[in-house]
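Below is one structure, written out as structure tokens; the observations come after it.
Just so it is clear, A, B, C, D and E label the chains in written order, and each chain counts residues from 1 on its own.
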Amino acid sequence: MIEVAIKKSLNRYDGPGFLEVNHSFTDHRVTALSGPSGVGKTTFLRILAGLATPDEGTVRVQGATWLDTRASLSLSPQQRRTGFVFQDYALFQTMNVTKHLEYAGADGPYLEQLLSIGKMEAFRKHLPRQLSGGQQQRLAILRALALKPRLLLMDEPFSAMDNKLKMSLMADLKKLITDRKITCLIATHYPFETEGFADELFELT
Amino acid sequence: MIEVAIKKSLNRYDGPGFLEVNHSFTDHRVTALSGPSGVGKTTFLRILAGLATPDEGTVRVQGATWLDTRASLSLSPQQRRTGFVFQDYALFQTMNVTKHLEYAGADGPYLEQLLSIGKMEAFRKHLPRQLSGGQQQRLAILRALALKPRLLLMDEPFSAMDNKLKMSLMADLKKLITDRKITCLIATHYPFETEGFADELFELT
Amino acid sequence: QPLRIAVAANAQFVIKILQADFKKKTGIETEAIVGSSGKLAAQIRNGAPYDLFLSADMEFPTALFKEGFGVTRPVEYASGSLILCGAGTVDLRDWQAYLLDPRVKNIAIANPVLAPYGKAAEQALRNYQLWDKVSAKIVPGESISQVNTYITTGSVPIGFTTESLIYEYTDKTKLTWIRIDPKVYDRISQGMIVLSHSRKRNYTRAIRFLKYLSSTSAKQILKKNGYQVP
Amino acid sequence: MDWTPVWLSLKLSAITTLILLVTGVPLAWWLSRKNSVPRLLLEALITMPLVLPPSVLGFYLLLAFSPQNAFGKWLHEKLDLHFVFSFGGLILASIIYSLPFMVSPVKSAFVHLPPSMAEASYTMGKSVRETLWKVLLPAIRPAILTAVVLTFAHTLGEFGVVLMIGGSIPGVTKVASIAIYDSVESMNYAHANNYSLVLFAITFVIVTAVFIINRKPAKSPLG
Amino acid sequence: MDWTPVWLSLKLSAITTLILLVTGVPLAWWLSRKNSVPRLLLEALITMPLVLPPSVLGFYLLLAFSPQNAFGKWLHEKLDLHFVFSFGGLILASIIYSLPFMVSPVKSAFVHLPPSMAEASYTMGKSVRETLWKVLLPAIRPAILTAVVLTFAHTLGEFGVVLMIGGSIPGVTKVASIAIYDSVESMNYAHANNYSLVLFAITFVIVTAVFIINRKPAKSPLG
């Protein structure tokens, strides 16, 4: 269980707003986080990963406290080791596809399996700038998985893929996530986009 | 009628490919251009706007020749005056919303109408960096319309908007485009995304 | 480490001949560092590792000695002669009128504060009541050698410099010059001093060079190059 | 303390900066467009004064402008232009010397602008000139400010070239950096110190001001 | 032609560049992180040598290290360190003088990297050091190359500071730029010309090479 109770003021330009989340996310399931642009989806995922801090609140993951602002406790991103798929991919310009996966994890056969899920076997030696937008996005997902995370946070992970590709990737991902008992949160504009992939839906407002 | 017969080699990294289009687009209608990522949608729109040149071919718009590589004829983007919505918005960092529209066109009441269609009346004095992604994208669309173009070229124009917003905007846009007899081409990953908006579908392969 | 001699710019050519002659006679390697007398004196005060100082006047060595930077009393090794010199063909018979000619835009002299030859040039001009009339044309060179540069590149039509320039400049046919009456400026008595830095390792060699400069062969070399010797 | 050298330095810097602003910005724009070998060579050439010893630059300028040489003579006699020991010469030398300080930051700012920005303006029927003026230049204002300040301050600090071709004629070419050198050489440390403090203060204030003005204004809520 | 000054200049440049590479890159990284007032002031201070007259810089170094002063005397007598008229002093001065040439381009490259790049590495459990070494530094390699070359070339051209605190002791502080000055002063124009050509050639070749190497490799199919 991932128990979250946080509050952060976002200084949006059209007046100040709040991101407030009090929710328990079920273990080993995929939850879609939806909400209009600017509501704070990215910010929320960053808080879970330890890349941003809320004004106040707590985050408890499977019993362990990751964040407690009262106790001034906050694990570093390194300690949390979440698999994070960034909205802008955040690929490493100078590493090819294989190097990306190897930077995150060392389990050879597993990395091969990932390449095959992402249909990236033909691009092992390609650098990010030699990949199309959709291929870059797949690499970002595979890299996050290569880490073998318990918690996978994905920020608009299918936005650059065409429909056919997305459907086939989703099916394979779903299987992997279930097999490995990964808890997954996925931020998306279109909740219907993740139908059949997400088990639950959580609306940010 | 927009008669296009062009061919351009795209040096993709996974081997060379071709963008080849031989098609007539109907006047005063909305055509959705779809095709997988990297097929050349953006490139095709750029060729129509005069921002890129094909290796060979012709483009004729309502009788006038815009491009004929054999005759070494190519109108400049300035002469073509297409309304172009860029995939990356291409907003002017130092101009606020009103200034953007005024830079493109001078018809005051029409600009007001555009602001209302885009639900941007509250943001007149905002600079691009003070707008959310969805608002920026709407501004890019409004600016292209402010020019009163005969030909409107939109590259993934709804990608940053949430569903509700998109639906309402599409309805208003559709009306405006029909009223003003604008011919519109819209590049999109998801053809179903533009259902009810596009009249025709053209698949790039 | 070779013997390091700080040399006033006016003597930068003659020092080469002296160095070679000294080497031939004693086998001792020397190194010359050239600059205006004032600049070299300032460097010595700030710790420059020079063994010997050949100034263009007596004041700088005397001051250094008083401040404890010297190990021998300053002695005169030569006295210099001031000339007016230009590149190309200029008629210098009436040089005073020439200096006043409005077509002559610049007159180079060494900086009177830093370089004794500059001080001498100023004295001469003042004595002829010319200083105020030409002061707008004066281009002060950092040292006498910068003045020589300005003259020989033709950047200035005319300048006050040392007579030794004439004996050293390879292309002397291009130079027109006239000696300034020595009565109108103070004698340019050039002094030298062995510096305390030499105590580290070069003291005896420095003393040998000092002695060498008053030898007949050194005096001959100096004379041949436009200096008077004591 | 004699303020003439400081005043002269400020005047020289202001004139040089103004001339470079007018010529350097269009040049930077031109250089920012597609690469070609001649353009790369030209760019390397413009960068040279950044790294070339001032004494080399000064030496060649001295040779070029000396009335002894054909070119200098021609300038001298036909055009009555005197570039040695004159304020005009210092301006010319400063322009060459400070050119990269104007061109480099502005060029790099142009390169970092997304090409679609200018293209958007072109599709609206706007000319290159209008696009440059209304869209591109406003977008790179911080870089232009940086360039102007660096150029100004760098010219203020010009020393080696002036020493070579300017001499130190009071009120004409004896700028502040030379006055410092002269004061040090004549052991007038108090003077040298005053001049140095003034120059240091001017430079520090404008450099700091620019850093503060150009600091990104928006605070990220994501930190 | 005596090659010692050229050799000395190359040695000085190489040592300075190496030291600045090791110290300047981490400094640039530190500066590239969030703005704060002390960091802005420090950055302004680092930029100073870019615009400060070499004579000012040289003057203060001379004051600081002259055995006439308490500090210089202490260095001199207790530690036997001589920073005036010595090669060590030139290295120290060059480090200060060329610092902005190393730090500025590298810092600006760090600033332009998307922050998510380092963050991605952190979420993978990698330390700041490992992230810097394996992810960030490779990503800014072109900027580092530029910085190294500019630093090297700029140090090669150092003149004013050396003139102030180095003098021109053959084989010790008489670097090429000073040799040119001296050659000009002793009217040895052929020599001055030779030295100038050598320096010009070295600088031009490396600057051009860097421009060509750093040119964007990918051709856009959209042109």
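We adopt the following convention: a residue touches a chain if its C-beta (ideal position, glycine included) is under 8 Å from a C-beta of that chain, and two chains touch if they have at least 3 such contacts.
Keep in mind that this is a model prediction, so the values were computed, not measured.
Counting only chains that touch, the fewest steps needed to get from chain A to chain C is 2. Of all chains, the one whose mean C-alpha position sits at the greatest distance from that of chain E is B. Note on chain placement: the centre of chain C and the centre of chain E lie 37 Å apart, centres being C-alpha means.
Between chain A and chain D, the centres computed from C-alpha atoms are 49 Å apart. One finds 79 Å separating the Cα centroids of chain B and chain C. Contact with two or more other chains is made by residues 62, 184, 189, 223 of chain E. Contacts with at least two other chains are made by residues 12, 51 of chain A. Multi-chain contact residues of chain C, defined as those touching 2 or more other chains: 45, 146, 149, 153.
Those residues of chain E that touch chain C in the shared complex are 62, 65-68, 72, 76, 82, 84-86, 167-170, 182, 184-187, 189.
Put simply, chain C touches chain E in their complex at residues 4, 9, 12-13, 31, 33-35, 43, 45-49, 143, 145-146, 148-149, 152-153, 169. Interface of chain E with chain A (complex): residues 114, 116-117, 119-127, 134-135, 138-139, 141, 218. Considering their complex, residues 36, 38-39, 41-42, 45, 87-88, 105-106, 108, 111, 113-114, 138-142, 146, 149-150, 153-157 of chain C touch chain D. Touching chain E in their complex are the following residues of chain D: 34-35, 40-41, 43-45, 47-48, 50-56, 59-60, 62-63, 112, 150, 153-154, 156-160, 164, 176-178, 180-181, 184, 189, 192-193, 195-196, 199-200, 203-204, 207-208, 211-212, 215-216, 223.
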